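Letters A, B, C and D name the chains as they come in the text, with residue numbers starting at 1 for each one.
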Amino acid sequence: MSKGSVVLAYSGGLDTSCILLWLKEQGYEVIAYLANIGQDEDFDAARKKAEKLGAEKVFIEDLRSEFVQEFIWPALQANAVYEDRYLLGTSIARPCIARRQVQIARREGAQYVSHGATGKGNDQIRFELTCYALYPQVQAPWSMDANLMHISYESGILENPKNHAPPDLYQMTKNPEDSPNEPDVLEIHFAKGVPVKVRHVKEGTCKETPLEIFCYLNEIGGKHGVGRIDIVENRFIGMKSRGIYETPGGTILLHAHLDIETFTMDREVRKIKQSLGIKFSEFIYNGFWYSPECDFVRHCIDKSQESVEGCVQLSVFKGQVYILGRESPKSLYNEELVSMDVQGDYDPCDASGFIRINAVRLREHNRLQGAAQKKL
Amino acid sequence: MSKGSVVLAYSGGLDTSCILLWLKEQGYEVIAYLANIGQDEDFDAARKKAEKLGAEKVFIEDLRSEFVQEFIWPALQANAVYEDRYLLGTSIARPCIARRQVQIARREGAQYVSHGATGKGNDQIRFELTCYALYPQVQAPWSMDANLMHISYESGILENPKNHAPPDLYQMTKNPEDSPNEPDVLEIHFAKGVPVKVRHVKEGTCKETPLEIFCYLNEIGGKHGVGRIDIVENRFIGMKSRGIYETPGGTILLHAHLDIETFTMDREVRKIKQSLGIKFSEFIYNGFWYSPECDFVRHCIDKSQESVEGCVQLSVFKGQVYILGRESPKSLYNEELVSMDVQGDYDPCDASGFIRINAVRLREHNRLQGAAQKKL
Amino acid sequence: MSKGSVVLAYSGGLDTSCILLWLKEQGYEVIAYLANIGQDEDFDAARKKAEKLGAEKVFIEDLRSEFVQEFIWPALQANAVYEDRYLLGTSIARPCIARRQVQIARREGAQYVSHGATGKGNDQIRFELTCYALYPQVQAPWSMDANLMHISYESGILENPKNHAPPDLYQMTKNPEDSPNEPDVLEIHFAKGVPVKVRHVKEGTCKETPLEIFCYLNEIGGKHGVGRIDIVENRFIGMKSRGIYETPGGTILLHAHLDIETFTMDREVRKIKQSLGIKFSEFIYNGFWYSPECDFVRHCIDKSQESVEGCVQLSVFKGQVYILGRESPKSLYNEELVSMDVQGDYDPCDASGFIRINAVRLREHNRLQGAAQKKL
Amino acid sequence: MSKGSVVLAYSGGLDTSCILLWLKEQGYEVIAYLANIGQDEDFDAARKKAEKLGAEKVFIEDLRSEFVQEFIWPALQANAVYEDRYLLGTSIARPCIARRQVQIARREGAQYVSHGATGKGNDQIRFELTCYALYPQVQAPWSMDANLMHISYESGILENPKNHAPPDLYQMTKNPEDSPNEPDVLEIHFAKGVPVKVRHVKEGTCKETPLEIFCYLNEIGGKHGVGRIDIVENRFIGMKSRGIYETPGGTILLHAHLDIETFTMDREVRKIKQSLGIKFSEFIYNGFWYSPECDFVRHCIDKSQESVEGCVQLSVFKGQVYILGRESPKSLYNEELVSMDVQGDYDPCDASGFIRINAVRLREHNRLQGAAQKKL
């Protein structure tokens, strides 16, 4: 007699295959679900494997476009970076994958969802918080055994934070030492803070849909070895872990977006938006994509992007992204005002008054503290 | 009859030479002051030129060590970066230069100080705020004419933010296209958040004083083209300007410091310290190095650095800095706790409880808003 | 020959009467403008006085409704309080008054606007920043003489921060010692974070338009001596000043709004909104009502108020506002979930897991620092 | 055979008496521990009761002085208030009580600690996090039954947030309707941000030790009905709860401290310190008194209090605290500078320059957005 249905986020790998079998043994009916979010995978082979292991149904879902538009783009608008370095590639994939899984569970009447994330990581949390937020009645019979299977040579070595990453670890990016000796120069066009066109200046190649843009930037960035980082990060559950990431397309876009944003956004709005972006990154990292605070901050960041429009020229070369120039119809840059050669209606006496008023507080402080001398 | 004495921050260049002459014509006695903060300059020639133009006295002051220790190191501890990109090289030099200028003015009994910074920039503000903070009675007869002289071909071209920087602009860093095809691997040792030793792993070269460390990292970074940026930034006076900077040594240190800091600092302390660092950067950029708020934030940041200790290995190559590994006696990283292969005393059931409690709020929100469905 | 037209913000008092005369003597045509924002004033007498002093035209404008709806309500939504205490009554009146003045100047083709605010205060800044923001071409021939006229016995005494305010200073609020010995109990209904109805529970009095609501709360608050504060505050220009304020209606609304907001708003959204409200208060205080940052923050705060709906019962008595109870159709309060008498689906084991996971970081910290003992 | 020793935080009430019995039945040896933190309690009777129920040992500990000095004073320095209203009276008592309990457990070689806090509240978390932080090896056999016993008539009524609190609920404060018709005027002297003397101006009564000061302010505040609040708050575990608090002495001190702090602290330091105080309040509320982040923030706040020194005069009357005046040797208030009657060396032209420079950004924004018209 069946204990009910489980939608299992199935990867085709050893871990989730074991979970599939284990769930069957426990008396569950298993619906295998494979999310295509752009990973390199033989989906047909995975389907066959799942069926062979006894899955009642197998769903292979192409989430690539919605992943780019609904998850990567908002993170980009926020310049979302966790702890100054990590671009949150995994963190934003989890809610995207779990959302579809919950949709399938609702549609198929499954009471359970299951995943292969291990118990010491962030991904269990991201996965389960999304499920609870979107499908409050659901349960997650996640198996402790999963992490006993998660043994990999690389992981073992990298757990010592002093050890260097083996050179053949990286799969999306070329080693900069072996990358081309000629840069590629791109033009990235933005509207409302998201890329709407990428053009290769020399070759003339143009990409205009979100998925194509992102894949193309991954290709160019990967070719030049862009976006590799080796960091120690703080997990939500309170331990430090070492992570190695490669984010070629995301890194190019982060540079370009930072540039066009500062070019078009008011200084004080930028400051507030920066602090919202830091909060947003933390929410995402901790698994709160579907939460009132994330909704609220996303709304505010969206608002800030209304005038983030224009074109950035950049060069990609040997692991680096160099901004070359930018232009925008919505720029707040005023060439005449800033020019050293043009006086314009900027009166230098105003600057003196501005400085003296700013100094009122400093002078008072030093007069009363008698601290000026001490400092010299 | 003399109008009094002026200590003029003299560079030897056209601008400040004109100011020197103009001040003489106005009836001031001029004391020329040249600060050596590591720029490439023929100080003897400048001294002769100042004397020839009529300076009463000429002081050439070597500020390099105090610049590194008292200004660069605190900025590094703060990971000080303005608007996510600018490492504040000029902003922290101004208070260092102005402090000594004020000391000279006090010692020599000069009532005035003067500088060659132009009226549309940040440097006038940084300079004058420092003087007012440290020497409240001083005056600054800054001449508007200075910026009429400040005409340079480069500046003209760069004022259009779309124009690319000419390739021969950079002076400290090699073009990455022409830089070596072999990386240099360094070990940087930190104590209390500042570097105390740099070692070239292959060559064995060691540097242990602040000035030597910083110069050596400039050399290595420069050789590999590290630290070039082309940005638009928001000036304190409310206009956007385009700036091109190269900060080879500072960029290497920022990467290394970020790494060792995250490795050794508690997650929540890090968050607070990050927001203090953002504020600190803004204060510095705006010229408030000598201010109660800067003093306060520096004190707090100092406190946060007590355990920032250890060694980072990194590779410098083609404009990039790659972190390779790190170790520290004060690390909060616990290899056994985080290991996927060791259960330890971490109970996976706790994570489930943790997640379910975190979900209480999300479930309530969705139950009451009836929003769950809508989102799917 | 006329030097042009000036729209003068005329109060009918000595200061601005002198400015009117002085402007005439300087050769300007003066348009007198009196804003009715609810102050106690004989507007007819003021009109006659202005005409007698030589004003070309006199405009008396009733701004009370727009002041309540467009300025007080947004400040209320933000819980706007400067430096933890000042409810910003003057700060939000300035942009309201100046906006209409600019409208008149545009309509009448006047090139100048003028006001009577003194040179050491915040109001000059608030006034002039608004004018520059809304009418960039305008000029403000503000007269230094104004503050020489601004001599008042009270002001003299209060400038010593140790002196107590004289008991007859207050005009809107009764001395609590003389106020009624019976409280008034009110019900305030909110929608989208602003009051839409006030009901006196015993008397049944009802007010439903913004202006009526605010005036009625001023009346009730004034009768019970609510909203008096004596503070030292930090002006934008960098000096500390002593201010005495009475804000009866605003104080009642702040208490009520805080209550209904916490009742209906998610905890994490509240935190972010709180920090935005602090920034908003500072912007307003400093005169930046019309600025990109204020627009942005207002938009975000508006968004946060969507579910701030419901009714608060409170009692007003002897200078105090006591919250008695609240209800809301949009509340996130779940009586069953929080009840000590009902287990519900809240599993206490989850709390233990939650705590143990939160303690992972603390235990690591103490283990590695060996600090636990030291603290005991 | 004993399962080991438990140190039970025993209150003498029904809940913890039941837990004592239950622990005995389970085979534990129970050490009863009563903390005197100023509550109204017959400690002798409680000791006898515990002995009668079978406690091996009973410890009654007077923690009042350390509670005031080590917990209340730091919270006061921070102006610690949770969600704008709650003064955290319970939150700061928990770590104080738990710290001694852990000390006893260590000394007596007990492996367990136990408390009577219920599973839906914050106090379990505060208690257990403190124990884990200070005594990582300890365990807490907290009994789920406790909250089934926690049934009280009041609690039942108050769980409906609309119901008014019954008038006889309050124990520390008089109903303001029945309080004296004459105010008491006090002088509170501060040094380094904490009160060092309280003087009753008329009666001359003086209190100079922390415990006496706080008890005296509780007495005066209680007599006048100061510090009652009825709020809905957000618990750490994600649910909203309704709380009614009375904090007479703490409320008086908060008003006085806010005043002397703003009087003596630089504006920009105050802003940073305010945001640190908000974080500190949240940490305390959530149970993280003993944590790296709390240590760090306390250190920073301490630093900010160095010049918070001086005397505040205030009047306490009918539930309210009115600041009357203040003085300080460390004040940054400059009577001459701020005076409307004295020009001093403040040049009004500087203000115009200050304003025009601040307007550069606003003018640019409006010029480019063409938004000025739209707003009018």
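We take it that a residue touches a chain if its C-beta (ideal position, glycine included) is under 8 Å from a C-beta of that chain, and two chains touch if they have at least 3 such contacts.
It should be emphasised that the depicted structure is a prediction, and the values quoted were computed from it without experimental measurement.
Visitor: If you apply the touch rule, which chains end up adjacent to both subunit B and subunit C?
Guide: In this structure, the chains that contact subunit C and also subunit B are A, D.
Visitor: Within the chain touch network, how many edges lie on the shortest path between subunit A and subunit D?
Guide: Steps on the shortest route: 1.
Visitor: Taking the mean of the C-alpha atoms as each chain's centre, how many Å separate subunit A from subunit C?
Guide: That gives a centre separation of 40 Å.
Visitor: I'd like the Å distance between the centres of subunit C and subunit D, where a centre is the mean of that chain's Cα atoms.
Guide: Here subunit C and subunit D have centroids separated by 28 Å.
Visitor: Which residue numbers or ranges of subunit A touch two or more of the other chains?
Guide: 237-239, 266-268, 271, 275, 288, 291-292, 331-332, 334, 337, 346, 351-352, 354, 356-362, 364-365 - these are the residues of subunit A that touch more than one other chain.
Visitor: Per the contact definition, I'd like the list of subunit C residues that touch subunit A in the complex.
Guide: Per the stated touch rule, the residues are 237-239, 266, 268-269, 271-273, 275-276, 279, 283, 288, 291-293, 296-297, 299-300, 303-304, 357-362, 364.
Visitor: Considering the complex alone, what residue numbers of subunit C touch subunit B?
Guide: Per the touch definition, subunit C meets subunit B at residues 266-268, 330-332, 334, 337, 346-347, 349-354, 356-358, 360-361, 364-365, 368.
Visitor: State the interface residues of subunit B toward subunit A in the complex, per the touch definition above.
Guide: Touch residues, subunit B against subunit A: 79, 83-85, 99, 102-103, 106, 118-120, 124-125, 128-129, 132-136, 142, 144, 147, 150-151, 155-156, 159-165, 176-177, 181, 183, 228-234, 237-242, 258-259, 262-263, 267, 270-271, 274-275, 278, 282, 287-288, 290-292, 313, 317-320, 322-327, 331-335, 337-341, 346, 348, 351-352, 354-356, 358-359, 361-363, 365-367, 372, 375-376.
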